[in-house]
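Structures follow.
Two complexes are shown next, each including chain A; its partner changes from chain B in the first to chain C in the second.
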Partner chain A sequence: MDKKITTQSIITFTKNNLIIVGIFILAIITSFVEPNFLTVGNLQNVMRQFGPLIMVSLGMTFIIMGGMIDLSVGGIISLVAVVTISLIDPIGQAAALMVGVTIGLICGLLNSFLILKGGALKQAEALFLTYGMSVVFTAVALIYTGAAPVFMSYSKTDFSIFTAIGEGFIGPASTSFIIFLVCLLILYIIESRTHIGRSICLTGGNMIAARLAGIPTEKTIIFIYAVSGVMAAIGAVVLASRVTIASPLMGKGYETQAILAVVVGGTALTGGKGSVLRTVIGTLLIILMSNCLNLLGVTTYIQYMLRGAILILAIWLDNRKQYSEGN
Partner chain B sequence: MMNTKITEPITRILSAQKAPLAMLLIFITMLFFKTPFYTSYNLIDLVNSNSTLLIVAMGFTVVLVAGGVDLSVGGVMTVSGIIAIELINSGIAIPIAVLISILFGAVIGMINGYLTVYQKTEPFIITLGMGVLLTGVAQQLTTARPVACDNPDFQNLANYKLFGLVPVLVLVMIVTVIVIVWILRSTSFGRNCYAIGGDYEVAKYSGINVLPTKTLAFVISGVTAALAGVMLSSWVNSGNSIYGDTTALYIASAVVVGGTSFAGGIGGAFKSLLGVMFIGLLSNAFNMLNIDSYIQQLLVGLFIVGIIWLDCYGRKVKRESV
Partner chain C sequence: MENNNAEAILKIKEVSKAFPGVKALDRISLEVFRGTIHGIVGENGAGKSTLMKILSGVYQKDSGEIVFDGNKIEDITPIQSMKMGLSIIYQELNLVNTMTVGENIFLGRFGEMGGREAVHSKARILLDRIGCQIDTQKEVSELSVSDKQMIEIAKALSFDSKLIIMDEPSSSLTFDEMQQLIKIIHDLKNKGISIIYISHKLDEIFNFCEVVTVMRDGHLIETRNVNAISRNEMISMMVGRTIENEYPSRPNYVGETVLEVENINTKLLKNVHFNLKKGEILGFVGLVGSGRTETVRAIFGADKVKNKSIKLDGELVSINNPIDAINNGLAMVPEDRKIQGLLLQFSVEKNISLASLSELTYYGFLREKEERDISERQIKSLNIKTPSAKTKIQMLSGGNQQKAILGRWLELKPKILILDEPTKGIDVGAKYEIYLLMKKIVEDGGSIILISSELPEVLNMSNRVLTICNGRITGEFDPLQASADEIMAKAFEF
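And now, the complex of A and B:
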C-alpha cells in the first residue's frame, strides 16, 4: 500500500467507494447549509435512529455473508414488538423481553427449517420464501392485536427496563448504544475468532465445495437465520422502547433498509466475504444520509426513491468491481 | 385438457394440473354454503377484478420462463397508472397519455434488462430495488394520496361495456393473454426464452442471441405491468401509491401455482392464467364466507409460502434423484 496520497489514489478510492464518498460530500454540504447538523442534539438524534436499524443490519450481515437473504425481518420486528409490549402487564417486563427474543429465535429457526427442507438454497428461492413468511408474521401480528397499536404507557405494571432501553443513559452513552456495542462485540468475535465465522464465509462462497470439504453447511444456515431472527427481535425491542408504541406494521421497510446498509458497507451480495464492522459503517452512512436529507428539506418520498436507487447502484458497482478483479 | 388427464393416475394429475383441480374443489365446496358466490354478478366481477393481475402475470411469466424474475412489476404498475392520470389531468389526450405510460413501462423493463442481463447482476435484488425506487416516485408524484382523473372519458377505457356486457378491461386482458400465449408458443423469441431459461450456457453456445432476447423478456414484463397499471387506474378512476405494494409476491405465487417454475424454462402463459384465477377464486370464496380479513391475509401468506416451498422441494427431489 502506498502511504502517499496522490490524486491518482484519490480517484481510485472514489471509483471504488462511490457511494461512501457521495454520502460524505452530502454531509459536508449539509454542515455548511444547515448549521443545526453538527449540534449535539442532532447527533444524538442520529444515534437514536441508529439503534433499531443496526441490530437488524448486523443479523442481515451474517445472512448475506452466508450467501442467503432474509426478507422476513420486517415481519419479525412487527410480531415481536406487539407481543413483547402487550405481555408487559400479564407476565412482567423481564419475562416479556425473554418471550420477545424467543419469538425472534423461533421465527428464524422456522425460516431456516423451510429453506433447508425445501432445498431453497439459491438466494432467489430464499428471498421468495422469506418474503412469504414476512406476510405470515405480519398477519399474525395483525390478528394478535386486532390491527390496533399497543401503547407501552397504558401498562399498569412497571416498565422501567423498556424506558431504560428507550431513553436511558449509562454514563455518556445511551443504553441502546451499549446494547449495540455488546451485540457487535459478540458477533465480531463469532465472525473472526471462531470456526462458525469461517463456516459462514465458506458456505456463502461456494456451498457445494464447502459441504464436500466437511463444513456443516446446514447447521451454518440454521445458525445465520437464528441470529437474524434474534437480532431482529432485539431491534424490535429497541424500536418499541424508543417510540413507546408497538404497531403490527412497524417493521415494514426494515428489510430493504438492512440489505441496503449491508451492501453499502461493502459486504458482497454474492456471499462469502464481508464483515459486521463494514455494516456498522454502512448503517451509519444510511442514517447520516437520511438525516442530511431531512435537514435539507427533502421529502420522505424522494428519500424512499433514493434508497432504491442507491441499492441498485451499490449492487451494480460491486458487480462491476468483481468482474474487473476477476479478469 | 382436463378430460384427457382424468384417466391418468391421480398422482400425475396432481403434479401436472394443480390449479384446475383446486379450482374445481373450491367450486364444489361453495355449493354447500349459502353465499352469493354463484351469482352472475359475482362471477363476472371475479373475472373483472382479476383482469389487471392477469395482465401483469403474463409479462411476469415471460421473464420467469427466460430465467429471470421481475419484482418491480408492482412499482411499474403504480407509477404508470399515476403518470396516465397526471398527464390526462394536465390536458394531454388520453391515447397519448396511455401510450406514454406504457412506454414508461418499456423503459423500466429495458433498465432492468440492461442491469441484470448485460451487467450480469442478480435480477431479484435489482428489481426489488427498482420496486422501492418506483414506490418512492409514485409517492412523490401523488404526495402519497390517491389522485382522481378529471376527464370522465378515462373511466370508459376499462369500464365501457361492449355490447352492454363485456367490459373493455376483460377484453384487454383476453387480448394480452392470447398475444403472450402466441409469443411463448409460436415465435422464435418465445422458444428462445425457454431455451435460455432451461440452460443459459447451452442456449448461448447454440447460437441464440441470449442478451437481447432476455432483455426483451424484461421489456415485455414492463409493458404488461404498465398496461395493467393504466387499466387499474381507469377501472377505479384513481391512482394510488399503495396499489402495487404486494403485487409482485402475489403474482409470483399465482404464477408458480399455475405451474411455471422459478428455475426458468418451464411453464406457460395459459398455466399462469389458471394460477391467477385460482388465487382470485380463493380470496373471493374467503370473502363470501365472511372470513376476517387478517385471517385471510394469514391464510394467503401460508398458502404462498406453501406453494413456493413445494416448487423448491420438487426441484430438490429431482436434483437428488439424478
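And now, the complex of A and C:
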C-alpha cells in the first residue's frame, strides 16, 4: 500500500471519517477564535466531562456491537447516584460504592431478563423495552429521594473515596482517568481476546446464524447488559463524586450522548463490529465539540439539534458504507 | 397452440434473469391469451416466482422482451404494472390487517376515489361483481384467508386488470372455499380477463386450467393444452431426467441405527418419527412448507418442541438448543445460507471457526493461532477458493460459501450431519464437490439427513427416501426401486 500522503488519500480519509474531520476542523477554528480553548483550565474541564460519559459509552459499545441498544443507562445513573450518595453516612463509603455498582448490575440483568423472556431480540424492540426501564429506574430514584437532590456529606472521615474519585490525582493523572484506563483495558481484553468478546461480535453480526452454530447468544445478551449496567453505575459514581450532589434526574440525556459517542467513533449501529478504542475517540470528539460550541457561544438548544444531526449523519454514512461494501 | 383466433394479452420473449451465482431464468418465452386460465407448474426454485416478480416490476429482467396489452414493459414499478392492468395476488396476501375491507381495496387511492368514506360504495360494486357479500366496513383482521383472497381479487378488479396472476392461491383454502374460488376464476375468464394460476397441485391444473406451462431450473420446459398432457408426463417434465455422472456412485455401507426420532408434534408436524442408520444418507422429499425443515430444526434444537423423543445410539438425549445438539454430535447446514448460515460481514476464517469456538477457548481466552490452523486446514481440505482466510465471506461464490459452512462442521467430526438444501443456488461443479464430500462423510462412519428440493439429487445421493407432506411422513422408498413419479405422487399426497 502507498503510504504517501496525497491529495487523493486526504479526500478518501475525509470521506470515510467525515465527522472526525469535521470536529477537528471545529476545534481548529475555535482555537483561533477563542484563545481560552487551549488553556490548561479548559482542557481540564474537557477531561472532567469525559469521566462519566466515557464509562457509559464503553458499556454501550458492547451493547451496540452485540446488535442491541440500551436506553436505560440514564435511569441507571440517576438511581445509582442517589442511592450511593444517600448510603454513605449509614453504611460507609466502601459499602455504599459496592451497593451502587451492584444496583447497576441488577438493573442490567433485569434488562436482559426482560429482553430474553419477552423475546425482544430485535434492536427496535430492545429500544422500547430499555426506554421503558429507564422510566422505571428514574421513577424509583424519584420515589426514593422524594424528588429532592441528595447532598454528599463528609461527616465521618477526613479521607473520602468520593473526593478522591472526584478531585484526586494519582501522580499526574486524575483518579477518574485511572479508573477509565483500568476499565478500558479490561473491556479491550474481553473484546479482543476472549470467547465472550467474540460471541458479542458474532451475535451482533447475525444472531440466527451464530445461535445455530452453537454460540451462546442468550448468555451473550445477559453479559452485555450486565456490563452496560455496571459501567453506567461506575459513571454515576464518577459523576456524583465530581458534582458532590446526586439528583434523581441527573442521568437524563446520557443514553443519547453515549450512543452518539459510540456511533461517531465508528461502531456500526447494526452490530457485529466496533471497538471500545473507537468509542474513546468518539467520546472525546463529542465532548470536544460541545466544549468548542460553548466557547463559541452557541446555545445549548442549538447544540442539542447539532447532536441529533450528527447522529443522523453518522448512521447515514455508515449505511452508505455498508451498502457499497454489500455490492 | 390451438387458440389461433385468440389474441395474446401477454408476450414474453427470451427473458433471462441471473442472480449472483445462479441463472434464475434462461431465455423464457411464453404467451398468455385473453380470457384464458393458464397454469404454471414447477418445483420450488424452477423460476416461477422470479418470472412473476419480473412481470409485476419487483425485479428487472436482464434481457429479453415483454409485451403486455400491446405495450412493452421496460423498467416498470409494481404500481405502474397494476395501473397497466396486471395484478398479482401473492401467496402471503398483501393487505393491511387493521384497515377495513373498502379501505384495503383502494389503499393509497383515497384521493382519486373522493375520500376515505367514498371507497365503500365503490368497493361494494366490485365485491358484488364477484358475488362476495363481505361488509366493506369490516376490518380485514376479522376475515378468513379465503375472504382475504376475495378482497385481493376485488382490488385487482379495481385496477381494471386484464391479467391476474395468482401465486398458489389454494395453499390455505378449505374444499368449499376452493370451489368458490374456482367459480370466481371462471367468471373472470368469461369477462375476458386472463388468469395465470401458479400451483403445486396438479389436480387443480387438470380441473380448471386450459393451458399449462412446466418450468424447471429456470427453463421453460413446455407449454401445452391441458387436455393434451397426462399427469405422468407433467411430473416427468417437472422432475426432469437425470444426467449421467452428475452424481458420484452411491455409497452403501449402512450399519446400525444411530438416531431414532419419535413423537415430534408442532402446529405443522404430526407425530413425525423415523430413524437413521450409521453410514446412511437419508433423503427427505417434500415441498417448502411441508414440514421437512421444521422436522430437522426440531431435532437440532433450533425450535423448541416439547415432548419429542430423540435417541442417539439407543440412549434418550435431551436437546433443547443447538448447543445441546452440537454436544451430542449433531451438525446442521441450514436452509437459508445467507440468513441462517453465514456471518456475511465476517472473514472466511471466523465463519469456519464459528462452531469450534469453545474448543479453542482456554479459561475464557481464545487461541488465535489454533483458530488460524483450523481455517487453513478446512480451506485446504475442502478446496475453498478464497483470496485469503481473512477475506470477507460475502466476496466468495455460493459454492465456496457453502463449503466453508461444511468445513465449520467437519472440524467437529459430527456423527449426524443435517443438510438442508445444501446445493441451492450453487453451480454444477461445486455441487459435485459437495456430493463427493457427502460420500466421504458417510464412508468415514457419519450419517447424513439430506433435504433438497431437487428430486434427482435426493434420489441419486440417498440410500433411503422419506416423503413428507403437510407435516406427515407419507412414504418410505428405496430410491433404487421406486420411480421418481411414484415418490412425487406421495410428496403431493395432501
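As a working rule, the second predicted complex is superposed on the first by the 319 of 327 C-alpha atoms of A that agree within 3 Å, B and C clash if a C-alpha of one lies under 4 Å from a C-alpha of the other, contacts with A are read in each partner's own complex, and residues count from 1 in each chain.
In this text, contacts are C-beta pairs under 8 Å (C-beta built on N, C-alpha and C of every residue); 3 or more make two chains touch, one makes a residue touch a chain.
Owing to the predicted nature of the structure, the values given are computational and were not obtained by experimental measurement.
When both complexes are superposed on chain A, chain B and chain C occupy overlapping space and clash.
In the superposition on chain A, A:188 contacts neither chain B nor chain C. Using the contact criterion defined above for the overlaid structures, shared-chain residue A:136 touches chain B, although it does not reach chain C.
In the superposition on chain A, no contact is made by A:177 with either chain B or chain C.
Of the two partner chains placed by superposition, only chain C is touched by A:196; chain B is not.
After superposition on the shared chain, chain A has more residues touched by B, the comparison being chain B against chain C.
Look at A:209: by the touch rule set out above, it reaches chain C but stays clear of chain B. Judged by the touch definition given at the top, the superposed model places A:312 against chain B, while chain C stays out of reach.
For chain C, the stretch among 96-104, 240-248, 348-356 or 402-410 that collides with chain B in the superposed model is 96-104. No residue of chain A lies at the contact with chain B in one complex and also at the contact with chain C in the other.
Contacts from chain A toward chain B in the complex involve residues 69, 114, 117-120, 123-125, 127-129, 131-133, 135-136, 138-140, 142-143, 146-147, 256, 259, 269-270, 299-309, 311-312, 315-316, 319-320, 323. On the side of chain A, the complex with chain C involves touching residues 193-196, 198-199, 201-202, 205-206, 208-216, 272-273, 325-326. Within the complex, the chain B residues that touch chain A are 69, 115, 119-126, 128-137, 139-140, 143-144, 246, 249, 252-253, 262, 292, 294-295, 297-298, 300-302, 304-305, 308-310, 312-313, 315-317, 319.
Looking at the complex, you find that chain C touches chain A at residues 300, 302, 321-323, 326, 332, 334, 339-346, 350, 354-355, 357-358, 360-361, 364-366, 392, 394, 408.
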